[in-house]
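Note that the chains are named A, B, C, D, E and F in the order they appear, and that numbering of residues resets to 1 at the start of each chain.
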Amino acid sequence: MSKVHMVDVTHKPVVYREAIAEGAIRLRPETIRAIREGRIEKGDVLTTAAIAGILAAKKTWDLIPLCHPLPLTHVDVKCEVSGEDRVVCRAKVVTSAKTGVEMEALTAVSIALLTVWDMTKKLEKDEEGQYPYTRIEYIRVVSKKKGGEA
Amino acid sequence: MSKVHMVDVTHKPVVYREAIAEGAIRLRPETIRAIREGRIEKGDVLTTAAIAGILAAKKTWDLIPLCHPLPLTHVDVKCEVSGEDRVVCRAKVVTSAKTGVEMEALTAVSIALLTVWDMTKKLEKDEEGQYPYTRIEYIRVVSKKKGGEA
Amino acid sequence: MSKVHMVDVTHKPVVYREAIAEGAIRLRPETIRAIREGRIEKGDVLTTAAIAGILAAKKTWDLIPLCHPLPLTHVDVKCEVSGEDRVVCRAKVVTSAKTGVEMEALTAVSIALLTVWDMTKKLEKDEEGQYPYTRIEYIRVVSKKKGGEA
Amino acid sequence: MSKVHMVDVTHKPVVYREAIAEGAIRLRPETIRAIREGRIEKGDVLTTAAIAGILAAKKTWDLIPLCHPLPLTHVDVKCEVSGEDRVVCRAKVVTSAKTGVEMEALTAVSIALLTVWDMTKKLEKDEEGQYPYTRIEYIRVVSKKKGGEA
Amino acid sequence: MSKVHMVDVTHKPVVYREAIAEGAIRLRPETIRAIREGRIEKGDVLTTAAIAGILAAKKTWDLIPLCHPLPLTHVDVKCEVSGEDRVVCRAKVVTSAKTGVEMEALTAVSIALLTVWDMTKKLEKDEEGQYPYTRIEYIRVVSKKKGGEA
Amino acid sequence: MSKVHMVDVTHKPVVYREAIAEGAIRLRPETIRAIREGRIEKGDVLTTAAIAGILAAKKTWDLIPLCHPLPLTHVDVKCEVSGEDRVVCRAKVVTSAKTGVEMEALTAVSIALLTVWDMTKKLEKDEEGQYPYTRIEYIRVVSKKKGGEA
């Protein structure tokens, strides 16, 4: 017998749902300087990452097998340089629905961070093509809200 | 003028490409015990996560704006419990192509870890619906290989 | 003039909708024994098939041209061995929406059965690479329900 | 800091929304005659274009980064020959939602017109493989409606 | 430990691959007459089904978790009425690749048959909204070929 | 019988393929000034449009029913203000494949232009929510190349 069960949310109420997630990627200080100074060859790293994150939030139901499709009413992804060797991405996702949106916010952050990695690959690789420094450091849910008018 | 540039790989040779990426999610010890004992309500966490990771690797070009579509010839995702409060996911991606597959391996790991989170949400949330403990701890490239017969 | 018309459901009421569909695939008795004993090389056939079915239900609107996108609130797919040469997959799909979900249940069953085929290909092929025995035997709607609270 | 912002529609009312868009592609008169007489090798141009347009309307949220996913309740795409060297496609999209559907109607028209181009490529290309004549001439919103029962 | 393994085809040769699959759906004789006479409200059933089948073949890697993405070079789907109560769909898929395309042909047939069902739903349902007659009867691989120039 | 036929490119040679397409959208002069001065609320219009165009090029096979999936090796989309009331988008797509990429370039341009429309909607609508001025003016293939080393 197969062993996988999607939660049945049919009889849960439609209420306001909000989730904020955050994550960070550690990059070389030289890469961070290149981002700050707009010198990354592939282009505007932070805006591209934010767009990728927004699009990914809308695809969460297709990426995480047991997630429900939800009518997201707002997705905000902000990416910015933090200190001398980090980019932090933060996503806020809102909906009026029968279940929460933390997976959507986490997916947005994850894909935004991966996009930062992809845009800066050339500067991060060492002479053997390895990534001794680059690392997504953490991804977490900052807060969830539920209920109230929507 | 728009500011984004995809690398042109047209004239690069088709060679063997391999990348291994890895990441970890920290969960409550009770959740880890429930995984070990097959007591997670939503089902087989580790197999579901691995499947989600494999499917995600194949969608990398659709998630990361400047990635090229590549004819992946192998994707292996392994998820397992590590110690008393962690699940580690490791992805190996292989292709014969004009550019590398580290973004594919990183995407597989990221989505596998998010799937672990989604499958164990119920046990991870506190009484206010927050996640004080859960955290994706790191995601990194373990190794890349290039060249050789394929 | 083009000849294709999507039904307009704008003015239909949002009510409880449920559909159950079922299908079977005939496999060699040796393959069935291998599934029962967990000896299929590609892994856990029935769980992988169920996950593929759940994901497919959520993509029905993208696969069947005139289907409406619906906010599915529950998808349950069960796959199990039946007798000595069959796997049966059954899908239940639920929503609160303006139109029914039988196509979603049928799509889940179809893709689950195809996944069983894919996972067992190696054992089903004869020495010339043909499939003299394998066959999806039937796919049908078991029941539909409509109305009531949701 | 990233520079992209999705509008927050969470607190807008769910009302009836309708949009009609239209566009035209100019083709060689010989191609138009071939369409009229059912002599296009790739098959029924106008029906294929309409189907592609309907499917595309449902994917708008995945194509236009800041569009919201909406539960479309009706998509109607009509493609027809107009005069001696044009095909006109018109799309009507309807929903009950918190924001309008003009992008969905425009996307349906755009992809329907591109499908007409793809189906007639062979007749449109000159001996050097160029398209001196073919051109999507315009795409516009014919009308939008909002409010009223739904 | 997760239990799922994609086959590694990296070192297999790129050769000509072809697969033909076929399936049938049983419909009410009245429905079949309506198809023959072009009286189905939703439009051209057989062409819509064929288009859905072609598009689905190209998405097989996204539907069947362990399938490889393949550069399909030809997909042909034919749907036709057979006798007084059946529609038969047949798909031929061709590629030059490292692994076979039977799953692509089977997926094309499955989605084409489901599209026939969707287009004829209104005539197939009884007064209680059930489908006592409709049934996908079988889906099978007719033949596979491998090798030779490509 | 269904009436749709994908071209069989199996036996065509893999050669260098390039296509350049271009299109324009007419906007109000006030909107153009707002773009030039970075005052569009939704953010960086031209970069967002270029990213949407690049992503769309990679999805052409999923949008245009009879297009083949192709391993694109380069996609370049440039969007810029032209004169006092236009934005022009130009896409170059390159691959080594068995068939051409003009549909990919045209799709990239079309979705980039639609994204410009979506980003500037608020300034383009009149007080009744209509678009009396906005219009995608033309989309055409600038040039195609074929052959040569790749």
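Note that in this section contacts are C-beta pairs under 8 Å (C-beta built on N, C-alpha and C of every residue); 3 or more make two chains touch, one makes a residue touch a chain.
The shown structure was predicted, so the numbers you read here are calculated from the model rather than taken from an experiment.
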Any chain that touches chain F and chain B: A, E
Equivalent interface positions on chain B and chain E, same or different at half: different
Superposition of chain A upon chain F: rotation angle, C-alpha, nearest 5 degrees: 180
C-E against B-C, pair bridged by the larger set of C-beta contacts: C-E
Identified repeat of the B-F interface (over half of residue pairs identical), from C-E, E-F or A-F: E-F
Distance between the centres, which are taken as Cα means, of chain F and chain D, whole angstrom: 14
Cα-centroid distance, chain C relative to chain D, in whole angstrom: 31
Centre-of-Cα separation between chain F and chain C, whole angstrom: 36
Where chain B touches two or more other chains, by residue: 2-7, 43-44, 47-48, 51-52, 55, 59, 65-66, 69, 71
Graph class of chain-chain contacts, one of line, ring, star, complete, other: other
Full enumeration of touching chain pairs: A-B, A-C, A-D, A-F, B-C, B-E, B-F, C-D, C-E, D-E, D-F, E-F
Chain D partner contacts - residues on chain F that touch it in the complex: 2-7, 23, 41-44, 47-48, 51-52, 55-56, 59, 63-67, 100, 102-103, 106-107, 110-111, 114-115, 117-119, 121, 129-131, 134-141, 143-144, 146
Interfacial residue positions of chain F with respect to chain A in the complex: 43-44, 47-48, 51-52, 55
Chain A-touching residues of chain C, taken from the complex the two chains share: 16, 44, 46-47, 49-51, 54-55, 58-59, 69, 71-80, 94-96, 149-150
Parts of chain F lying in touch with chain E, wherever the complex brings them together: 1-11, 61-62, 65-66, 68-71, 97-98
